[in-house]
Amino acid sequence: MVFAILQRLGQMAFVMFGISTLVFLIFFATPGSDPAARIAGRNASQETIAQIRIEFGFDRPLPVQYVLMMKRLFVTQDLTSYVNRGMRIVPQVAEAAPVTLSLVFGAAVLWVLGGIVFGVVAAMARDTLLDRGLMALALIGVSMPVYWLGEVMNLISQSRFHDSWAFSWVPALGYKPLFSDPVGWFLTLIIPWATLAALYVGIYGRVLRANLVEAYQEDYIRTARAKGLSPARVMLRHALRTSLIPFVTMFGLDFGALVGGSALLTEVVFGLNGVGRLTYQALLNLDLPMILGTVMYASFFVVLANASVDIVYVLIDPRVRKN
Amino acid sequence: MQNVEKPVLLDVQGLTVSFVTDGGLVRAVDDVSFSVREGEILSIVGESGSGKSVTLLSLLGLHDPKTTSVDGAVAFRGQRILELSASAMRRIRGKEIGLISQDPMTALTPVYRIGWQIAEQIRAHEPMSARAARLRAIELLGEVGFSNPTEASERFPHQLSGGMRQRAVIAMALSCRPALLVADEPTTALDVTVQAQVLDLLLRLRKDLGLAIVLITHDMGVVSEVADKVAVMYAGRIVERGTTREIFSNPVHPYTWGLMASIPPLTGERPKRLISIGGMPPTPGSIPEGCGFQPRCRFARAECAARPPTRRIGNQSVLCVLDGEERDALRKTVLTSEEPA
Amino acid sequence: MSASGNVRPLLSAEALTKNFLVGKTVWPGSGRTLHAVDEISLDVYPGETLGLVGESGSGKSTLGRCLTRLYDITAGRLTFDGQDISKAEKRALTSVRRRMQMIFQDPSSSLNPRRKVRDMLGEVLDVHDIAKGTAIDERLAELMEIVGLRREYLDRYPHEFSGGQRQRIGIARALAVEPALIVADEPVSALDVSVQAQIVNLFADLRQRLNLTYVFIAHDLAVVRQVSSRVAVMYLGSIVEVGETDALFGAPRHPYTQALLSAVPQPHNRVRQGRILLEGEIPSPLDPPKGCKFSTRCPYAKPLCHEVRPQLAGDAGHHTVACHFPLA
Amino acid sequence: MESSQSRSVRKGAGHWQRAWRLLKRDKPTIAAALVLLLMILSSLAAPLYANSVSATDPFRSNLSGKVAIDGKKVKIMQPSTEGLGLGVTPIGPTWAAQYFLGADTQGRDVAARLLYGGRNSLLIAFSATSICLVLAALIGICAGFFGGFVDTVLSRLLDILWAFPVYLLAISLSIVLISKGIVLGPIEITADSLLLPIGIIGIIYVPYVARPVRGRVLELKNSEFVLAAIGLGIPEWRILWKDILPNVATMLIVFIPLMMALNIVTESSLSFLSIGVQAPDASWGTIIQDGQTLLYTRPAVALAPGIAIALTVLSLNVLGDSIRDVLDPRTKIV
Amino acid sequence: EDRAALMAQHRGGTMTLSAVSAAGTIDPMINYTAQYWQVYQMTYDGLVKFKQAGGTEGFKIVPAIAEAMPEIKNDGKTYVFKIRKGVMFSNGKEVTPTDVVASFQRIFKVKGPTIGSFYNGIVGADKCMADGDSCTLDGGVIADEKAGTVTINLVAADSEFFAKLAVPHASIVPADTPAKDAGTSPVPGTGAYMIETYNPNEQMVLKRNPHFKEWSVDAQPDGYADEIDYKFGMTEEAGINAVVNGQVDWMYDTPPADRLPEIGSKYANQVHIDPLAAFWYAPMNVNLPPFDNIKVRQALNYALDRDALVGLFGGEVLAQPTCQILPPDFPGHADDCIYTKDPGPAWSEADMDKAKQLVEESGTKGQKVTVIAEDNAVARGIGTYLQSVLSDLGYDASMKAISPNIQFAYIQNTNNNVQISVSQWYMDYPAASDFLNVLLSCDSFHKGSDSSINIAGYCNKDLDAKMKAAMALSLTDENAANAEWAKIDKAYMAEAPLAPLFTPKSVNFTSARLGNYLFNKQNRWIISQSWVK
């Protein structure tokens, strides 16, 4: 058990190490990213830049810089941004995490439910017009860039129809904390949730449909039908349940990546100060400490999500369970 | 066997099942008729691919209506069940007619405990609390011979051995005390000791509950041990039908002869070679007009090109042109001599 | 035909063991060991047919796969034609594989549904340099003929065949490499009697024509009796009795063999006498009984049976049994 | 037995003939193929449209140009006349040959750009999708088939890829490549080389596909027919190629339309970061980006490429589904 | 008084401001962004300050922490400031001469970006620049606690010295302020407001300084709102929507182009357009082909349709075509345009024929040219347009847009071999030298450095000398100096190291409830002087 946890942690460390070195190398290979010049400010004198370079250790060999930065990120946790100077990375990420989690959790609920409804209905109406229609709809969702859809949603809800009854409830963009303002939290997030989910509903619905259709060939489905169960029950309790396994794999990947900050465009469009927006800002500014911070956080979640998928497997598929 | 003639439970007349396939319409079951009385065991034997499973599944309306056409009349307790609405059919499935499907390994949903799966069927047909249904399920598992049914009900299918799974499937099929059980090769995957347990169980249920059974099997030993009546299928048709005793002691169709002859003996002298039917079984879609067995039949003649007549000998009926003494003479040659090279 | 001391066995297993780790979850070390094959020693002599019977789940298939080295062996020694192959690597096995083949229990799942018969069989010939170019076609036709299939069936997909035909394709594929030994895992259990008879005859013919040696796994005792020269009975991962066919069928010495034989339903013979119904379930291979594995269900079990595991004993090569109190 | 010659003609009638025969019968498939063909043809015909129909150069800014609409000369970039007179709005859809879909912020004909953009988008998306599927198949198959250490390493590499901020790489590459290209053997990659977006996009979604592939391979690896092949002494690479790959391939087909959609959209982000399609060249993605800045006044600019993407993906989807069905020898098509 | 009445009526409430993103450190001595300089007006004061008033009045420098403007002594090399009594920091302490000296030292200790350009003229600055930590400015800035004065000695007279003291980098902060970048922790100041919290990812909250008493209406007037929340994270589109919906009172960023017609017509009275001392320009690298050829640089200047460029920025209301460096209404500006069809005071039309002819003469046709622009809608548009014009001129032109923060550093570094780029310059303080000297002097050019604001890499010793002279002259004769600057401007334009594009105007879009909008030429909208009640 201890060994197993250590092994997982080791893998996590491997992933984090891999990503951080890549990020580090890419950063220093990029022209125009000289952090000293950035910190010194617009039109700073050469002397100032030179002093800053020494003070911040940018003159040291890359491995040393790497170790120091990792130490400041993980051990002393006082790593600060190059751009928003004095802004500590760790607390910022910690503060942004609930926003991203709120966004992704809500969207995940929507897209999982939506994906299931899409997949199930399409599979039940297999090869009919309804099936084709639903699958077309799903793909349209996939074809819409999320930043575009988000902007359109804003156009509708914040501008064109903001004063109509349909959207007058939509609050200003931005995040409201769940615990201090649950209603506000919910209202501000509805539209971002829907926007983010639109993409994934399509993907999940399609994949689920394919799995359901396959599951329907299985013997146990025939048994279930021979038991006199209603088609809905056969579908939901028997076919769906066994089809969820690939669904869960994908969910692990997506959820991990999104919680890790992949929802950046959604967060930017809706003014949510989550990890994604942090990442976005950091990327635009080539803010190395912040990039490292968010990326480490993201890889943590990716690995964590994969580990959780393995555990969820055990829950939904007793075949891999201990006897 | 019953002394008193019980009422007919299932009556199948002219059942024909066709599949729409790549190469056009394929008739897998062709004008099949048989009937089962209450408490009777009918065994269907025959070549693999001859349409046994298809016949069974069409009784329950389990074919995909989009690719299958089912014609003929199937009367269950006098009710024409092929014409029933989907929901009425559902009330019969599992409740009146229980199905044991061919492969116990894959017949159970892998992600649910077997107790749950049995209870699910019970609750689909009877208003019952989940708890009560579970208790019933445990009771049923005990009935089919689990030594510790409570514990067994908590297991997942993959945690059971083949024999246990098959018994779980049987328990499930019996859960609503159906009047008819249709069993598709329920013991093929099992070894003889477990097979014996399962057969015992079926016989006991027949005795205790008056259960009628349609049993598909390849094992002639099983047939002779449990069946009251036998139907022999070949290439989508029932070529011979009769009581078990009649079929075993007085088979009249050349294909049945072949079947009987090819059974390896368990005692006595071991023959050098087993007798087998030469040639190849027809694939559906290429079944010859007229008698389906004709290309492999050693006694085929010109008349066989036409659809053979149905002959009756007592309770027995047979689809063959052969008749009378000629037939008996020919039979002797088959059942005693070896297959010619 | 029968085994005798001076003939070198073609295949010889010594204390062969195969364990599976089951219930393994994300946490390594979380699984439990399942002893599917538990220290089995067995010799197969050239030209013989060794029947292998036993309760389902007793480890017949697993043993078969270990013998052909489809599974890695957990422990024990396996020699084929004098060569120790228990730890052989892939490369070394390739030559062994040409001489030792397996026919699978389920003919449909052992054929790739997306490949034509010609493709599958031709590949085998090609890989082993048995035939090249047009010779392949010829050899394929020959193989099809041997197993009694039309040569134009070569261009069919597996799903276009009946069960018996599929089994023949499996046999043809095994024969393609011209092996000396074939391990056949329940090759006829899915077939109806007439097809079964064809296959059984086919096996007999092939044995004669090609001088093959078989390990024939089946649970239909009548078939086993028909094809085998010797029979081994398995129970819960162990061999409980081995003997020449007639000896074993005529006078079974292990209570389990006895029960097995008594349970066979026989045609023409509705009322069976003296059937021994075994009580209870087969124990889980995860924690087999301490003493004799059959002791939990044995009608003759004595205290000793629950404590000490009996070893195979008796007239080696003729009839041995693993029982403290063998039947007369 | 009948003569063996008579039917040996069947030998040639392979997989593909059968598939083609079946495909030809399916009306939606034909329709989808036609739509796709139309997309490809019309984008190939882009110069024709630009020269003869719209008669504008879709790659030249045309900020002070005028266009004749209903006989009147109208400014392409129309300054606002209301209120304070702020802002300049490009001309909207005209329903005429010129500026059919209106102009973009540089006064260029959107319809003509849409056609040109189709070339880049389709090329990038097709190539990237192929790369992605090939890589994913390769990695997924290796991880699944060889298991153990190989699996662990590959899986973690996929994790790295999945958690890696690809846009960082894109930003960095775009900057690195401005002044000089990267020389890789015989090819030199510059910032506007389409190889870059193709490569990057081709890689980033690999984990997404590779993981399910790995799962499928694990399943196949334990299947009896693979065991049988091992038993026959068939070399591993051959088993991979002949037994595993075809089964994985049908699974990959499901991903094609999804990947196409994702790739076209991703391409637009990369173009935005100056990797790949560069101004004044166009792709559907970059037109959407351009349209994004006109969303409130000229929504048609962003909508048109969106519809083009959706149509492509939809028809691919229909095609993909049919092809998958048809390639499975077990399917029977009505 | 009038102001008192208004104050009574409108005082109170919370004003909400919005920006796409925060602007970095909050340290007034380090931050060098227009975004926060605007905020610092109400939180910090220097010895002197630009007047907090609308219009050109804002260019006036008034005493702040100093009681009065000092006399010029020692040929403009020595200034004695008398420190105002009773001015309190937000931490409750009174401002003393020691604080002033410490503040000047701190500029060097925290290595402010302008120590090399603004404050290097103070005696002792050279030592401080070499080693910031031990900075004392000995003999440069001297406190006299008893007299309540601070004396500043310069190495040489500097006509712009007051302006340099009036910018936020010379803010007076408490002597005990840590001598390192304050980052996100607010530094106490003397303004009407103090920064209470600052989270660059969320918001900056400004509250009234509890120790504030209005000590100079010109330098630091009391504000109306009780609290000012400056939120970060909304996109421009979202910001506009929020202002329209009354959720936000003002947004910092320029409204996106496609919203301009809408707000200009529907919300005309909430839109405020004011001229800016700034220009957009395209620096051309005079050290790289083809722009090492003056004819090519001139050709591009002739070829640019500046009306089209104005259109890209939002139309003629928002920008004005220009072909000179100094913006209108700026010291030293004289209307003049040489790169137009009919050269005269103003640009009229592009002269494509002339441009093509020049290119032909230069023999550079067909060369590769890459335009580097910032990655935002306007700059992208301009870059694309430049690329299009260059193509028309016969070059193999392409355009690359890169992230704004990186682009600024990227185009400066000679290692990156940037040929031509799109850039802007907004003044720091109203002096011609802030454009001409900063952007084009030889001193502003540093090879291989990310900080080399002379992007064109143009170095003309003659003009450098002339600029030095003009700066010296402005000490004594402002007008003569301005005339000199006009000539320098023209001389530079003749050499065309850059192509001026247009002079932008500022567009401020405020909520319906916001009143008393005042635009200060130096620091733009005066936040504290608007009310929301």
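Chains here go by letter, A, B, C, D and E, matching the order in which they are written, and residues are numbered from 1 within each.
To be clear about the criterion, contacts are C-beta pairs under 8 Å (C-beta built on N, C-alpha and C of every residue); 3 or more make two chains touch, one makes a residue touch a chain.
Keep in mind the model is a prediction, meaning the values are calculated, not measured.
> In terms of CA centroid distance, which chain is the most far removed from subunit C?
Using the mean of the C-alpha atoms as each chain's centre, the farthest one from subunit C is E.
> Report which interface contains more C-beta contacts, comparing A-B against A-D.
Pair with the higher count of C-beta contacts: A-D.
> Based only on mean CA positions, could you tell me how far subunit C sits from subunit E in angstrom?
Centre-to-centre distance between subunit C and subunit E: 89 Å.
> Can you work out the whole-Å distance between the CA centroids of subunit B and subunit D?
Between these chains, centre-to-centre, one finds 53 Å.
> Measuring from the mean C-alpha position of subunit D to the mean C-alpha position of subunit E, what distance in angstrom results?
Taking the mean C-alpha position of each chain, the two centres sit 45 Å apart.
> Rounded to a whole Å, what is the gap between the Cα centroids of subunit A and subunit E?
The answer is 39 Å.
> Identify all positions of subunit E at which a residue touches two or more other chains, and write them in rising order.
Residues 237, 402-403, 406, 410, 416 of subunit E touch two or more partner chains.
> Note the residues in subunit A that touch 2 or more other chains, in rising order.
30-33, 151, 155, 159, 283, 286, 321, 323
> I need the residues of subunit B touching at least two other chains; which ones are they?
Touching at least two other chains: 66.
> What residues on subunit A touch subunit D, complex-wise?
11, 14-15, 18-19, 22-23, 26-27, 29-33, 132, 135-136, 139-140, 142-145, 147-148, 151-152, 155, 159, 202-203, 206-207, 210, 245-246, 249-250, 253, 256-257, 260, 265, 279, 283, 286, 291, 294-295, 298-299, 301-303, 306
> What residues of subunit D sit close enough to touch subunit A in their complex?
So the residues of subunit D touching subunit A come out as 28, 152, 155-157, 159-160, 162-165, 167-169, 171-172, 175-176, 207-208, 211-212, 215, 254, 257-258, 261-262, 264-265, 268-269, 285, 288, 292, 295-296, 302, 306, 309-310, 313-314, 317-318.
> Subunit A touches which residues of subunit B in the complex?
Those residues of subunit B that touch subunit A are 57, 60, 62, 66, 86, 90-95, 98-99, 101-103, 106-112, 120-121, 124-125, 156, 158-159, 169, 172.
> Quick check: in the complex, which residue numbers of subunit B touch subunit C?
45-49, 146-147, 161-164, 188-197, 199-200, 218-225, 244, 248-249, 258-260, 262-267, 270-277, 280-281, 283
> For a test of understanding, state which residues of subunit C touch subunit D in their complex under the given definition.
Those in contact with subunit D are residues 65, 68, 70, 90, 93-94, 97-98, 101-102, 104, 106, 109-115, 118-119, 123-124, 127-128, 141, 150-152, 154-155, 157, 159, 170, 173-174, 176-177.
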